[in-house]
Structures are given as structure tokens and as C-alpha cells.
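Dumping the structure here so I can ask a few things about it.
By written order: A, B, C, D, E and F. Residues from 1 in each chain.
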Amino acid sequence: MKKSKPRREYNNRFERGMKVLKRMGREKLMLNQKAISEEMYDMSVGHLFGDVWGRPGLSLRDRQLVTLAANIAMARPSGNHSHYLSAMHLGITKREIIEIMIQVGHYTGWPTLSNAVRQFTEILEEKKKMDAAKKAGRVYHSKLL
Amino acid sequence: MKKSKPRREYNNRFERGMKVLKRMGREKLMLNQKAISEEMYDMSVGHLFGDVWGRPGLSLRDRQLVTLAANIAMARPSGNHSHYLSAMHLGITKREIIEIMIQVGHYTGWPTLSNAVRQFTEILEEKKKMDAAKKAGRVYHSKLL
Amino acid sequence: MKKSKPRREYNNRFERGMKVLKRMGREKLMLNQKAISEEMYDMSVGHLFGDVWGRPGLSLRDRQLVTLAANIAMARPSGNHSHYLSAMHLGITKREIIEIMIQVGHYTGWPTLSNAVRQFTEILEEKKKMDAAKKAGRVYHSKLL
Amino acid sequence: MKKSKPRREYNNRFERGMKVLKRMGREKLMLNQKAISEEMYDMSVGHLFGDVWGRPGLSLRDRQLVTLAANIAMARPSGNHSHYLSAMHLGITKREIIEIMIQVGHYTGWPTLSNAVRQFTEILEEKKKMDAAKKAGRVYHSKLL
Amino acid sequence: MKKSKPRREYNNRFERGMKVLKRMGREKLMLNQKAISEEMYDMSVGHLFGDVWGRPGLSLRDRQLVTLAANIAMARPSGNHSHYLSAMHLGITKREIIEIMIQVGHYTGWPTLSNAVRQFTEILEEKKKMDAAKKAGRVYHSKLL
Amino acid sequence: MKKSKPRREYNNRFERGMKVLKRMGREKLMLNQKAISEEMYDMSVGHLFGDVWGRPGLSLRDRQLVTLAANIAMARPSGNHSHYLSAMHLGITKREIIEIMIQVGHYTGWPTLSNAVRQFTEILEEKKKMDAAKKAGRVYHSKLL
């Protein structure tokens, strides 16, 4: 299999990653990675989004569903806020997001449900500010992203 | 909202849970719970499957996707083998399951990917034995379920 | 067993849940759940507090002890602050809470101990503000709850 | 405070740890630690059981309750089987253990409940073998401990 | 082995712990533990730093490496910021810290990498403030420590 | 930075990954991944070992140290046995491994220490069988790898 693959180059993957990020409305994220290490940022865009999120075999919507689920499950202090935004950007409804919280919460514990509610509520507030700023021609940089 | 809901009874939820379990091919599971506590089993069937899995707002396939993702993420020693079976029962393909492993593995660590491969490989072996036994009119009780 | 159970109705469980919450001094919590989904709130009050916390077979104090322990163990970013308050409301002493931190910390790691100390210290500060506000006839809404 | 404490010696703590282990019926455990490192075993007996479990301020029963809860929560592949045995040794009933599983399971996810059921069922089987061996004057060494 | 050990006293371990803490530039930490329980603080300094970090058999640098790795892996909301500071104090370079994030992140998930970047960036900002305050003869107490 | 990098090709990374795996004595692992998905195996060898483990900026020994630490911390049911072997292959001593268990165990809980002892003891037994088989010209395939 390895041999039959066309010889692709690494640099292409950065472009492919950026395309995926744009489809998800995430193209301005991970800049704190870029600030401390260009190579880390390059790997996040190129490998994670170009080579993993960009794979065939599972729709972008389904990749977002399972990523949201994994992140709700792990209940880490940061890193999931942006996935609520990209989920909505990809057409996953608020109702579906709530159902994912309930479903996953039963497999990883009620506090993961309530932590998800807290983070989702926070990011909905931030989204309002970002949208208002955009309308006014300003940029609002959210500390949650 | 609470008031407008028709007065449903608890016992119905056990039946509703069993219906969901049958659609998923899982109706013979959780019997070790039944063996130590009827009430625990009743809650697992009635609440988890009747009241949670049976909710509208998210398709059964999507509930299975996010549950599989949450379980791969947590990498617990037991409890996920059966979800590979019900995922396939619901029409999620082997290819999709592999992509879920790759996708989730990047959010929860490579060993969760390799642990998922190990558990999936084990349950595919068990499934062969269960299917062969079924053909021969016997029952094969898998220790993994 | 299932058959012999009196036919209880779902709505009762919400009332039972509220009663448990009042005994624990928690009746004003989970309102951010209510804000995004009445049904989620209904399930949290009715199932988690009415049907789980309200079960016989383990005292309310012991349920609080093991819940506090599980939450200290998981060290999630939110969701445990309120349990220090309800623990004290139920008569668990500050000394006992400190011993639980030390005991659990040895089973889940020193940073879970120090994270618990941090959260406990934070909520003791908040409690002072809430008590002062109450005395003054005002309401202080803590962001930690 | 440090100064007012009587000058206790390290070696005493090993003896104190062994006393606690005997009260819990655990004095023959952790021998695989001893096999690879005497000092590790010394620290487990002396510090964990002598200096932590042996502390005043929380009853031995309560320490066992919260330890069981923390371990059910973490759902690690090994290390909790023995705590079901010491819990029963200390008088915590089977019914209480089941209620702890249900209570903790709601805070850490249904698979932690079902994993606990699996481990508890396994150790009850092992206990039968150990008890039968004891009656017959033999020793049965369980691989789960 | 136990018998051949010289009879050391507990109080010595507090001093030994403080020495280790000074070598790591951490001697002013864990004061919130001291505020709620002198004994907890005593155990943290004496056992964790005196008896664990102070052990021979693994260099202080290597102990810091594996501790940083374990903490990045667990992605707890607090408790790791200080370890970036002590790592740098012990001569671990910024480049090495970034490589640890990339390496560990692949074993515990991309969000643990990005959470580490966030925490490291935060603490570098705090360090600037602390250094500036020191120069000016003031003390800056960071909320992250 | 991205532009200045020489245009490397994906296929090279598989070879680079294999070289790293050989230095670590791991070249025969992850074959169960290959059995279910060539592409997954390709990514594990090429990305994880070729592009991550093969990076400059942190020695191979240090990458092994922090990986071992992260895996002991997470206490997953599989995936860490092989890292004890590669650690020893890279010259990390048994004593150092024991110290890593003690150090990490204090940051992630005593059961992660005892789980590590269990897994290390198991793999030392397997290693004896593998070495004996090798001497006899046979191959012993360990189920733990």
C-alpha cells in the first residue's frame, strides 16, 4: 500500500490543513502554539488537520461529533470551547449538542455534563461579543480560544 | 415544561429500554449487573437505554458514534467491547470504526488508539466464535461482554 | 422485582429530587442547565437527585463522602466546589474534608490534593461573601457554583 | 506545630502500617512491590498505611469508603479488587458497596459502574476459592490481588 | 534492608524537603496547604519533597522531567504551572519543554499539548511580572502558583 | 520557517520511523494495527516514530523517560508493557524505572504505582520467555505486546 501512494510532500499538508480549518471556521486558532514554536504549529495544522481531519472514510460532521464527545469526556480545563463553535459552523444544531452532552455525560459522569454546559454557555456569550465586534468592524479576541 | 409532559410511568421505561437494546443487538448484556442487583439492572435498562439512548434529538447512529468515542477516550479496562458490536449492528462500517479510532486517538493519545485496536481485534475474534456457535445451535458466552 | 414495585410516576421524582437538594442546601444549583435545556435540568433533579441520591441503602452522609472523593479524584475544572458546601451543610467537618483530601490524594496523585485545597479555599472565600450578602438581605451569585 | 510533635522515628511507621493492614485484612498484599524493591514496599506499608491510613480525623471505615470511591472513579485495570475485600472485612455491606457503585458511577460514568460490577464479581469468586482453600488448609494465591 | 537503615527521624525530613525545594526554586509554594492544615503542609514538604524527590537513584533533572510529563498528561486545572518554573530553574531549556509537550501530547492527546502551551504561556507572563517586581524590591504573588 | 524547510516526502518518514524503532528494539510492534489498517500502521510508524520520536531537541532517552511517565500516569489497560522493554533497550536501568514509578506514582496515585509494578513484573517474565525462545531459535509472541 505504502508504495502505491503518490509521493506527497509535507508542505502540501499545511495547505490541506488550512483548507479544513477554513471549512470549520477555525483558521485563526492555535496561534499561541505558533508564538512559542513554529514547528509545533506546523504539525498541528499539517498533521492534525491536514492529515487526520482531512482523511476520507468519515465525514467532517462525524469527525466533529466524535471529537466533541472525546473532549467532553476528558473534561480538560481548556481546548473544547472552540469545538462548540466549529460544530455549529458545520451545521450541528444546539439541540444536538445538548443531546451529545447528555449522552456522553452518562458514559463519563454527570460533572462532565455540567462542565460541558458551563463551557458551552461561556462560548455562546463569547460568540455574541465576537459577532457584535465583527458587525462593528472590530476584532474581539476571546481568551477562551 | 414539566407540567405539560404526559404522566409517564417508570415501568414503561424498562420496556422502552429493552426495545432500544434490541435495535442495537444488545438485549442480552448487563446480566452480571442483574446477578448482583435487580435494581441496578433495572436502572441501566430503564434509565440509560430507555430514558437516555431512547431520547429524540440525536439519531441512534450518532448516539453510538459519540458513545464509542467517549469510551475509546477513557480507555477503561472493560465496557467498550460491546459497543463495537452494536456499532456494526447499527450499520457503522469497519472503516468508519477505524477512522473513529484515528480521530479520537489524536485527541486522547496514541495508546487509546492502540488500546482500541486491541479491543476491536479481540471482539472480532469473539464475534466469529459467537456466529459459529449460533450456526451450530449453541450459545457462546463471551467473557468480554 | 420489577413487577412488585408500585407504579411510580416520573413527576414525583422531580419533587423527591428537590427534597434531597434542600436537605443538602443545593436547591438553587444547576440553573445554567435549566437555561439551556429544561429537560436536562429535569433529569438532573429527578434522576440524579430524586432517583440516585434519594435511594436507600447508603446514608446521605456516605453518599456525599463518596461523591466528594470521586470528584477530588477526577480533578475536573468545575463541578466540585458545590460539594464542599453541601458536605459542610450535612455536618461533615472541615477536618474530615481535609482528611478526605489527604486520603484520596494518595490514590489519585498529589496534584489532586493540591487542586482540592485550592478549590476548597476558593469556596470558603465565596461562602463568606454569600453569608455576608445574606445578612445584608442581598444575594451573592458565585461564579463557582 | 512541627516542633511540638514528639520525635517519631521512621521504623515505627512500618509497624504502625502493618497494624492498620491487619485490621483491614490486607497484611499479605503488595508483595510484588517487595519483590522488585524493598524500599518501595517499605514506603507503601510505612507511609501509605502507617502515616496516611493510620491518621486520626477520619474513621477507618470512612477512609475505606472514599478510597473505594476514588478507585471506582479512576477505573484502573488493577488495584481495586483488594479494596472490595478490605471493605467487607471492615463491615461495609455488599448492599452498601452496590450503592457506592451506583452513586459513584453517576459521577464518573456508567462504564465505571459496570467495570466495578465486573471486578466485584470477580473478587467474590476468588474469595470463595480463598475461603475453600483456607478450610482445606491450603493457600490460594489470587492473581487479582 | 529495613533493619540496616539508620534510624532517621521525621523532623529531619522536613529540613531535607526544604533543601530540595530550594534547589528547585520552589521554597515558597504550597502555602495554601499550610493555611488550612499544618500537617498537610508538613507531609507535602517532608514526604513528597524530602522522602520522594530527595531519593537517590534518579537525578533531580530526570525527576522533574517525568513529573512534568505526568502533569501534562493529566491536564488538571491547577498544579502544573509551578513545574515549568522549577524545570527552567533546574536548567531544562524552553526548547526541551516544548519537545516534552509534543512528545507527551502524542501519548495523551492533542488538547493536553495545547493545554500545556496555554499554561506555559501564562506562567512565562507571570514570571516576567515576578522578575520585574523583584527588581523593584516588591513581591508579586501569582494566583497561578 | 515553513518555506525554508527542505521539501521532504512522506515516504521517507516511514523509513525514518523504522530506524527509530530499531534503535529502540521495537521494530516488530504495532502489527495488530497493520492487520486492520495499513494506513493506520503507516501513520504510527511514519508520524509517531518518524516525525515525533525522531525529532531533535530532546534526546531519545529523555523522550523514553517522559513517555514512560505519561503512560504510567494514564494507567491504561494496554500499551505500556513495550515501553519498559524499549526503556531497558535504551539503557535506562531497572533502578531508574523503579524510581520513575515512585516519582510518578506520587503525582498520579498509588494505584498507578502498583499497576506499573504489576505490568513491569509481567513483562520481565515475558522477556525471559522471549530470550529463552530466541536462544532456542524459536519466536515467542507475547500477548502483552
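FYI, a residue touches a chain if its C-beta (ideal position, glycine included) is under 8 Å from a C-beta of that chain, and two chains touch if they have at least 3 such contacts.
Keep in mind the model is a prediction, meaning the values are calculated, not measured.
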| item | value |
| --- | --- |
| If a chain touches subunit C and subunit F alike, it appears here | A, B, D, E |
| Touching subunit B and also subunit C, the following chains | A, D, E, F |
| Subunit F against subunit B, contact positions shared by both copies (same if over half, else different) | different |
| Fitting subunit A to subunit B on CA atoms, where both chains share a sequence, rotation angle to nearest 5 degrees | 180 |
| Rounded Å distance between subunit A and subunit C, as computed from the means of their C-alpha atoms | 31 |
| Subunit E and subunit F, separation of their C-alpha mean positions in angstrom | 26 |
| Subunit A and subunit D: spacing of chain centres that average the CA atoms, whole Å | 42 |
| Multi-partner residues of subunit F (each touching 2 or more other chains) | 43, 48, 70-71, 74, 76-77, 98, 102, 106-112 |
| Chain contact topology (line, ring, star, complete or other) | complete |
| In the complex, subunit A residues that touch subunit D | 106-112 |
| Subunit E-touching residues of subunit D, taken from the complex the two chains share | 1-2, 5, 7-11, 14, 38-39, 42-43, 47, 51 |
| Residue numbers on subunit C that touch subunit E, as the complex places them | 75-77, 94, 98, 101-102, 109-115, 117-118, 120-121 |
| Touching residues on subunit D, where the partner in the complex is subunit F | 30, 32-33, 35-37, 40, 43-44, 48, 70-71, 74, 76-80 |
| Subunit F-facing residues of subunit E, complex | 48, 52-53, 55, 57-58, 62-63, 65-74, 95-96, 98-100, 102-104, 106-108 |
